[in-house]
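You will see subunit A twice below: alongside subunit B first, and alongside subunit C after that.
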Partner chain A sequence: MKRLRLFFIENAVVILFVILISIAIPASGLPGKFLLQEILTRLGRSSFLVIALLLPIMAGMGLNFGMVLGAMAGQIGLIFVMDWKIVGIPGLLLAMLISLPISILLGWLCGSIMNRAKGREMVTGFILGFFMNGVYMMFALYAMGSLIPVMNPELLLSRGYGIRNVVDLASVRQTLETFIPLKVAGLNIPVLSYLFIAAVSAFIVWFRKTKFGQDMRAVGQNRAVAGAAGIAVDRTRIIAVIISTVLAGFGQIIFLQNLGTINTTNSHEQIGLFSIATLLIGGASVTEASICNALIGVILFHLLFLVAPMAGKNLIGSAMLGEYFRQFVSYGVIALALVLYEWKRVAQDENSRARLRGGRTDVP
Partner chain B sequence: MGHIKRFAADFGLPRMIIAVYLLGLFLMAPMTGVSFSGALSDVFTRIGMNGILVLALVPMIQSGCGLNFGLSLGVIAGLLGATVSIEMGYVGVWGFVFAILASQAFGAIFGFGYGVLLNRVKGGEMMIATYVGFSSVMIMSIAWLALPFKSPVMIWGYGGEGLRTTISVEGFWRHILNDFLSFQLAGHKFPTGAILFFLLVSLVIWAFFHLKIGTAMTAVGSNPIYARASGIDINKMRIISVVISTMLGAMGIIVYQQSFGFIQLYDGPLYMAFPAVAAILIGGAGVNKASLTNVFLGVVLYQGILTMTPLIFNAVLKLDMSDVIRIIVSNGMILYALTRKTKVLK
Partner chain C sequence: MDRIKAILSLRGIGKRFYGNRVLSDVSFDVAAGQILGLVGENGAGKSTLMKILFSMPEIHETGGYEGSILWNDREVRFKGPSDALEAGIGMVHQEFSLIPGFSTTENIFLNRESLHKSVMTDIFGSRIRALDRENMTKLSQRAIDKLGVPLDPGMLVKEMPVGHKQFTEIVREISRDKVKLIVLDEPTAVLTESEAEVLLSSLRLLAAEGIAIIFISHRLREVVELCDWVVVLRDGKKVEEFPARGSSVKTIASLMVGREVETQEQAETRVYAEGKEEPPALSVERLWVDMPGETVRDVTFSVKKGEIFGIGGLAGQGKLGIPNGIMGLAPAGGTVALHGKPMRLGSPRTPLELGMAFVSEDRRDVGLLLDEGIDWNITFSAMQVQNKFLKPILGGLFQWRSDGEMFDFANEYIRLLDIKCTGPRQRVGNLSGGNQQKVCLAKAFALRPDVLFVSEPTRGIDVGAKFIVLETLKKYNSEYGTTIVIISSELEELRSVCRRIAVVYEGRIEGILPHTAPLSEFGILMAGAKDEGPKDESLEENLRNESLRNESLKNESPAAAVGRSER
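So, the complex of A and B:
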């Protein structure tokens, strides 16, 4: 009985969303097969991005709002590939290769800045995302086509420089999903996307077991102790962010090739919000997250994504209402996770202070 | 040389670059054929519009709650006040006064709840404030669809549901402050009333921080342990600071609306806090220390850049990079404040 209660408390967020969705699915009236196909597709599309968040959490840096930097790097890679007209899987791989050095540079920058703001990494990463968005816009809207040669005029704005607002990815669109065609019971399974996700999951699992992965976990648990044990704390933290940024870049490429278009100025902006909300809905916290959380999160978040507008329309007669509700959930779950994390931290602080006083907690 | 170095350290390098940049823009104005007095009038209008929103950040910074990224909560209170006033059909000065009074009531209620929450998450206020702000904007978006407003100027005309996304205050209290005692300055209007109102509210806040309660609040921000030892109720002080900040935010957005001419609902308040935060930081405030000088200097520099950059860039380069420059300058400034050791600039 006690264990059951513990299970409910620990998985409160997931259970809440399961209940919410089991009400919303019948209300939306959408057919089950459609939902299943969509979820299979979206698992392939978004999981990689969500998994990119895991390492900084392990290193004690919280939710990496700076992952949008990686997304920008991924988009730059894709834009170049579109310009050079390299199609299909080779195009995607080349885009990833181009994004790699950019991601490493941006990740190093992000990690160094976060090291200067220990204890407020999250808000710093969040603002850094906005800041680099300005730099990215400068690059995409002014430098491309003027300072950096762009051969394909279709990519450019009519004024002669700057990338168009929408870049069509027709030549690489859904190549991952269709490379190994597999149909099970009438449902398309994006095999290669899943293989990519399996590969990154295997990498994370392996990485955790290495000496360096253990060091990272130690840094996450207690910086001072880890430092005293001879671990290079700052360096470890920077590497965690670099890996996260690189994975976010790859993830964004996988994400966009599935959608088939880039919105040059804002495809990356919401990625941080959505990926973080997804991970949290999957039951993760600011200090603890697993691959399982990521996958469950993708399923639950996207189910809600799919059914909320229709459910809103059928229940209350307004599709907008469902949409606002969904956005509220994305923001709200992040707020909730942060509040729970801080509560726990404050309680722990008070506990350790009480222990210093000999266990008395009633001191005014 | 030592003098210059010390001045640079006191004034802060980024702030100096921004000041020099703004000065450069103003100096270039006559050469490019941009009307100098017109630009100046624009700058003053924007200062009047945004001043109180920037001022609203001071109490929470002073009490150690950090940068109020949840200012959108105050903005929501202001939107409620404004819409209720229009719904009641009050016009002119009374409409404006009623809007402010109503918004203060909402602001006090929201601020209290927000303050209680922030007291339980000491140390993590900024990120939580951001997302509490974001999620309340979304809750209110649902409310704007559902609330039973009747006034035909506010609801959608043909079979739509809920309130419009933008509501004009034309015919209610548009420019009620801007036109008060306004005069022509070389052919351009000077928004005397708005500036005076901003100064008046600043004066009240200045006086507040010289009362016993204001001093106690500052003590909580600069050294909570010392404050507790001197018998100050830390949590109470923090809640009061959050309530005042939220109420000022509510008042600030109404002043903004009377100048702008429209009430922006739904997603409108989502990013309202960020320009205000950038402005006060450009003015030299730190994450836990801010003064009225920071507010004035910040709002002048920030709004100056915002007004002058597009004018000059368009005239000289035929290139509108103002949006990109705004994003880089304002977020760069917030980043700088978050990463530096907390030293206060004069």
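So, the complex of A and C:
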């Protein structure tokens, strides 16, 4: 009985969302096959980004809001590839290659700043995202075309410098999904995207088993003890953020090639928010997250988005409700996860305090 | 014991911290396979000595040490703790340095994991290698067997009982190949009796294998039982060293606290409550307090109206937690009744409003507003809680601060307590420690409290100020009949002011003694050695006779008769 209660408490968020969705799906009236196809596509689109969040959580740095830095790097890579007109898979791989040094630099910067703000990594990453957004804007809207030559005039704003608001990714659009065509029971399976996700998952699993991973877990659980044992705490944390940023850059490229366009000024902006919300809906917490959490999160989060507008229209008569709901749910679930985390910590403190009462529990 | 083949020799070790001498001329030897017990009160210099041995950074930063350390007959100057580890000296700390979510094995081999071979190593360095968990488990099992304790190599530390955490720490030290000497700082403090028993026998096992052990403990019974040799420190000096065999807890305890002081300068002071049958002003029942490092587990006592009551005990045993819990500065539970009426715990305002006051041991952070003047500091609490020093304006519509009144009041206390300052407006942060303490007292007095808690009133202040502070407390008690509870680490001070002194040990009151009880009795209570085994029956009997004698001598003072029966 106690175990069952514990199970419900531990998985409160997941259970809540399963209930919400099981009400919303019939209300939306959308066909099952359509939903299934959408989920298969979206799994391929978003999972990589969500998995990019795992290592900093393991290193005790919480949810890496700084991942938008990686997303910016990914977009810069894609813009260059579009300019140079490299198409298909080679274009994507080159974009990733270009994003790599930028991501490493930004990740190092982010990690170093977070090391100066230990215990406040999340809000630091969040604000850092806003700050770097300014730098990115200057790069995209001023430097491109004026300081950095851009050959393709279609990319530029009519004034002669600065990237257009929307960059069409037609030459690489959905190349991952269609590279190995596979249809099962009338459903398209994006095989290559899944292979990428499998590769990054395998990387995470392997990484956890290495000395690096062990150090990261030690640092995540107790910095002081890890430091006393001779583990380079700050370095380990920076590496966690760098890997996360690099993966976020790759993830953003996979994400955008599936969508087919870049919104130059805001594609990266909400990616941190949505990825983090996705991970939390999958049952992760500020201190613990797994690949499983990431995948479950993608399925639940996107199912809700798919059905919420239709359900909203059918029930209340307004499709706008769906988009409203999306924002509401993302911010809400993050707030909930932070509160739950704090609440659990207080409960643990209270629990360990119980032992002080001379072994008695009947004292009020 | 063969004392010639010393593995570690300390020669004339001395240390000053900012001009204060904390250690002087300490010398002793430890031989391979020998268990040496290092005992002394808090502040006797045990931990400083160990910090010197491990060459902790704070030792270098404060100007190094005097004397020399010989390790295997060669003089060594370690550059830091890792050098000492490298040489084969291990340390088990008082507080656990374990990762809660890691298993026993993972903790034992933290940052020393065995790794698989990998081709990537050449490119990325050895941190990229995967852990060889099989080998790690095997090695940790071997080390656990060596210590002979029932540890599960796969169990997570957070799920372990405290005792097993302690074992894990020790296994970590002995799993190093080169370890020759292990220092254990209060290893049994957190253990239950049976766990401590297991630990002691495993330490004997280790010693039999030729590992030298320095055992620091307040549990003197264990020291007598386990050790080959005992070194007693007091006030930074080595008082005595002798074989443990044949010594007794009582001898060690009296060496620790110092010799009997013949005369008590108590006679001339008159304590308000003396001889009167007063009802209890404060009664505390089953109090627990969650104050970090000063945990109170289960404390029951009562203080008569007008009494000066002392609470003593070694640091970390919980004596400071008692006033902090009652005054609402730390989470607490249990029953506290003021004049028979139960009081709600948990808010600092409640006790203040009921007429209690507290002079905190933490005067810089809790007691004072360092950036404000003396007058503000003295009158602050009284103004906030009792609306003193306020003058009504427009028929009481507003309350205006009465600066003049505050100034005069401060001036009065500056004179009374002899506070050395330029005037009532001087910033408190610029005063010396002793004068700050006097301001804290004046602040409490301004509340005209019914019950006053004074925590560590003389910590870190000079002799002159000490005298004034204690005299003022006594005077205040006899003039206003204020009930005072003094919490102090300095036994002598408690004995000179209080009639009854409770000794706190491991969060509980170990016993309450009259101030006239011999020092050794206090020593035994402080070391938690009250319940002696059958071996020390004669000692127990001695004690009983002694306290009987005390009681008959002190028949006129009812305080004495309360004795230990209260527990």
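Following the convention adopted for this analysis, the second predicted complex is superposed on the first by the 344 of 364 C-alpha atoms of A that agree within 3 Å, B and C clash if a C-alpha of one lies under 4 Å from a C-alpha of the other, contacts with A are read in each partner's own complex, and residues count from 1 in each chain.
As a working rule, contacts are C-beta pairs under 8 Å (C-beta built on N, C-alpha and C of every residue); 3 or more make two chains touch, one makes a residue touch a chain.
The structure displayed is predicted, hence computed values, not measured ones.
Trainee: Let me test your reading of the model: by the given contact rule, A:N222 touches which partner, first (subunit B), second (subunit C), both or neither?
Mentor: In the superposition, A:N222 touches subunit C alone.
Trainee: Identify which of subunit B and subunit C touches the larger number of residues of subunit A.
Mentor: Of subunit B and subunit C, B contacts more residues of subunit A.
Trainee: With the two complexes superposed on chain A, say which partner A:M122 touches: subunit B (first), subunit C (second), both, or neither.
Mentor: In the superposition, A:M122 contacts subunit B only.
Trainee: Taking the superposition as given, does A:N133 touch the first partner, subunit B, the second, subunit C, both, or neither?
Mentor: First partner only, subunit B.
Trainee: Give one of first, second, both or neither to describe whether A:L338 is in contact with subunit B, with subunit C, with both, or with none.
Mentor: first
Trainee: Which partner does A:K211 reach: the first (subunit B), the second (subunit C), both, or neither?
Mentor: It touches subunit C, and subunit B stays clear.
Trainee: After the superposition on A, what does A:I231 contact: first (subunit B), second (subunit C), both or neither?
Mentor: second
Trainee: Please work out whether A:Y324 is in contact with subunit B alone, subunit C alone, both, or neither, and reply first, second, both or neither.
Mentor: In the superposition, A:Y324 contacts subunit B only.
Trainee: Where on subunit A does subunit C make contact in their complex?
Mentor: Against subunit C, the touching part of subunit A is residues 206, 209-212, 214-215, 217-218, 221-222, 224-226, 228-231, 353, 356-360, 363-364.
Trainee: Within the complex, which stretch of subunit B touches subunit A?
Mentor: On the subunit B side, the touching residues are 69, 117, 120-124, 126-128, 130-132, 134-135, 137-139, 141-142, 145-146, 161-162, 274, 319, 321, 323-328, 331-332, 334-335, 338-340.
Trainee: Please give the residue numbers of subunit A that touch subunit B in the complex, ascending.
Mentor: 113, 116-117, 119-120, 122-124, 126-128, 130-131, 133-135, 137-138, 141-142, 317-318, 320-321, 324-325, 327-328, 331-332, 334-335, 338-339, 341-343, 345-346
Trainee: Using the touch definition up top, name the residues of subunit C that touch subunit A in the complex.
Mentor: 82, 97-102, 106, 110-111, 113, 115, 126-131, 286, 288-290, 295-298, 331, 333-334, 507-508
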